[in-house]
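Supplied in structure tokens, the structure appears directly below.
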Amino acid sequence: MIYTWQHQIQYYETDQMRIAHHSNYIRWFEEARTYALDQAGFGYGKMEECGVMSPVVSVSAEYKEMSRFPETLLIDTEVKRYNGIRLVISYVVKEKETGQIRCIGESSHCFIDSRSYQLVSLKHSYPEIHEIFLKMLEKPSGSL
Amino acid sequence: MIYTWQHQIQYYETDQMRIAHHSNYIRWFEEARTYALDQAGFGYGKMEECGVMSPVVSVSAEYKEMSRFPETLLIDTEVKRYNGIRLVISYVVKEKETGQIRCIGESSHCFIDSRSYQLVSLKHSYPEIHEIFLKMLEKPSGSL
Amino acid sequence: MIYTWQHQIQYYETDQMRIAHHSNYIRWFEEARTYALDQAGFGYGKMEECGVMSPVVSVSAEYKEMSRFPETLLIDTEVKRYNGIRLVISYVVKEKETGQIRCIGESSHCFIDSRSYQLVSLKHSYPEIHEIFLKMLEKPSGSL
Amino acid sequence: MIYTWQHQIQYYETDQMRIAHHSNYIRWFEEARTYALDQAGFGYGKMEECGVMSPVVSVSAEYKEMSRFPETLLIDTEVKRYNGIRLVISYVVKEKETGQIRCIGESSHCFIDSRSYQLVSLKHSYPEIHEIFLKMLEKPSGSL
């Protein structure tokens, strides 16, 4: 279950090294994650409805090649691990024309109640959402 | 009543023209405004306590000269107009060493209730804050 | 000659007022402008080839209504004035579903040599580009 | 050799979770790194003079607690590893009043020629800068 988000690099994302500033990839991961969760059925509207937020617990990125304006990037997003409480998502950022890998990264997330900011277990409190993440983890049939 | 905020240009604020990206000035205006309001006695804690927010209604900037990393800028902030409902603040951005003017700008603001998002009149609902803005408008004695 | 750019508001563009931060509109103007110039035949590659840059001389925005994540915005971009030396572009930002106007704005630009940073007259030095801007100014036939 | 940089959280750095958006920490790492290198004698002016740039090869952050506007953060920066070719810097972000740790992180860097974008060995090509990094690595006397 890989979801691919497309991002067109903007001028304001460049820095004086004439490349996209490295901090932007962390934001593009968020764009890609938002898209993937929405596609999987747990979009922002659904989260709000449930009263759940999903803060970032950690993030990492390895920069392989520099990206430049006005390139278009493809970001492959995949749920790597999920245990009902913690979620790990991985990202592969490629340049669209050449397929060259520019960056790989990972983010991990917990789930909190949007009012109390207390940790929640999706498995226990939101079995419907729990199912969504289990499905995102599933390998396509025959992919062993 | 001019309040002067100091901002050190950061690398991530540059773009590939090797200058600070023009959108950052709008953010620096906010930094300077936050500082000025805080100094005048209407800092963010006070606003929260009152349940008032002050969204930006309009903003404008004229760019006189380009700014570069790692220059330090001074931003002079002044209340230009205030009528109990609407507030206009002006900004003059100068390079610290030379005093060269880099940008002048203005922002206008209304006041809204932080729960209902309805417009509020400071004059009627928050006379204490109203007084603060009237004082910010006052010319120093003998300045006619 | 109106060019319409589409922008999907991202989570990282929100602020704690639960709206898209006002500084982002200045960046979205740039996105829309980049797109419009590209469509008109003066994309970034062409600019680089000519050795011309087009810094922002002034910018202004009037915020009509607040925008929220994850709305999609349409930004109508139009060349308002152009005289061979100076260019003025206007923007109308609307919410995609409702057509509600969120923000209107304007930016003005000069043209500089990308090496010397000296002002250039497109009319004299780059007649081919000059023609492109004149065409962007033209009213559609019968639109008097 | 720990260098401490101070950052005041700005309103535009918040998101609708009412916390500083996680991507900002990556930018604050850069602020702290710029400051530390400058203090150690390898500021941006010096880098430019040498024709050396130091792109980010990887970055990671673990978010311990949320940070909010208008808190002030202290960022302790330290050279963790350095071998003449590669540099690893670590960051500890604390809230100023309480000393509460908000985030820990790390970035690694290589060195490239600012014209050719080719890798350079500081040890071989810039022994003077090499010495600076070796000194940043040194433990204070008696710190075994």
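Labels for the chains are A, B, C and D, by order of writing; each one numbers its residues from 1.
Definition applied: a residue touches a chain if its C-beta (ideal position, glycine included) is under 8 Å from a C-beta of that chain, and two chains touch if they have at least 3 such contacts.
Here the structure is a predicted model, which is why all the values come from computation and not from measurement.
Peer 1: Of the chain pairs A-B and A-D, which one is connected by the greater count of C-beta contacts?
Peer 2: Answer to which pair has more contacts is A-D.
Peer 1: Please indicate which chain is farthest from chain A, where distance is taken between mean Cα coordinates of the chains.
Peer 2: Looking at centroid distances, B is the chain farthest away.
Peer 1: Where the CA atoms of chain A average out and where those of chain D average out, how many Å apart are those spots?
Peer 2: 25
Peer 1: Taking each chain's centre as the mean of its CA atoms, how far is chain A from chain C in angstrom?
Peer 2: About 30 Å separates the centre of chain A from that of chain C.
Peer 1: I'd like to verify one number: the distance from the centre of chain A to the centre of chain B, where each centre is the average of its C-alpha atoms, in whole angstrom.
Peer 2: 35
Peer 1: Which residues belonging to chain A are in contact with no fewer than two other chains?
Peer 2: Residues 11-12, 19, 23, 27, 30, 69 of chain A each touch two or more of the other chains.
Peer 1: Once bound in the complex, which stretches of chain C touch chain B?
Peer 2: Residue positions touching the partner: 17, 19, 22-23, 26-27, 30, 53, 55-63, 66.
Peer 1: In the complex of these two chains, what residues of chain A are touching chain B?
Peer 2: Interface residues on chain A, with respect to chain B: 11-12, 14-16, 18-19, 21, 23, 69.
Peer 1: Flag every residue of chain A that touches chain C in the complex, lowest number first.
Peer 2: Going through chain A, the ones touching chain C are 10-12, 27, 30-31, 34, 38, 43-45, 69-70.
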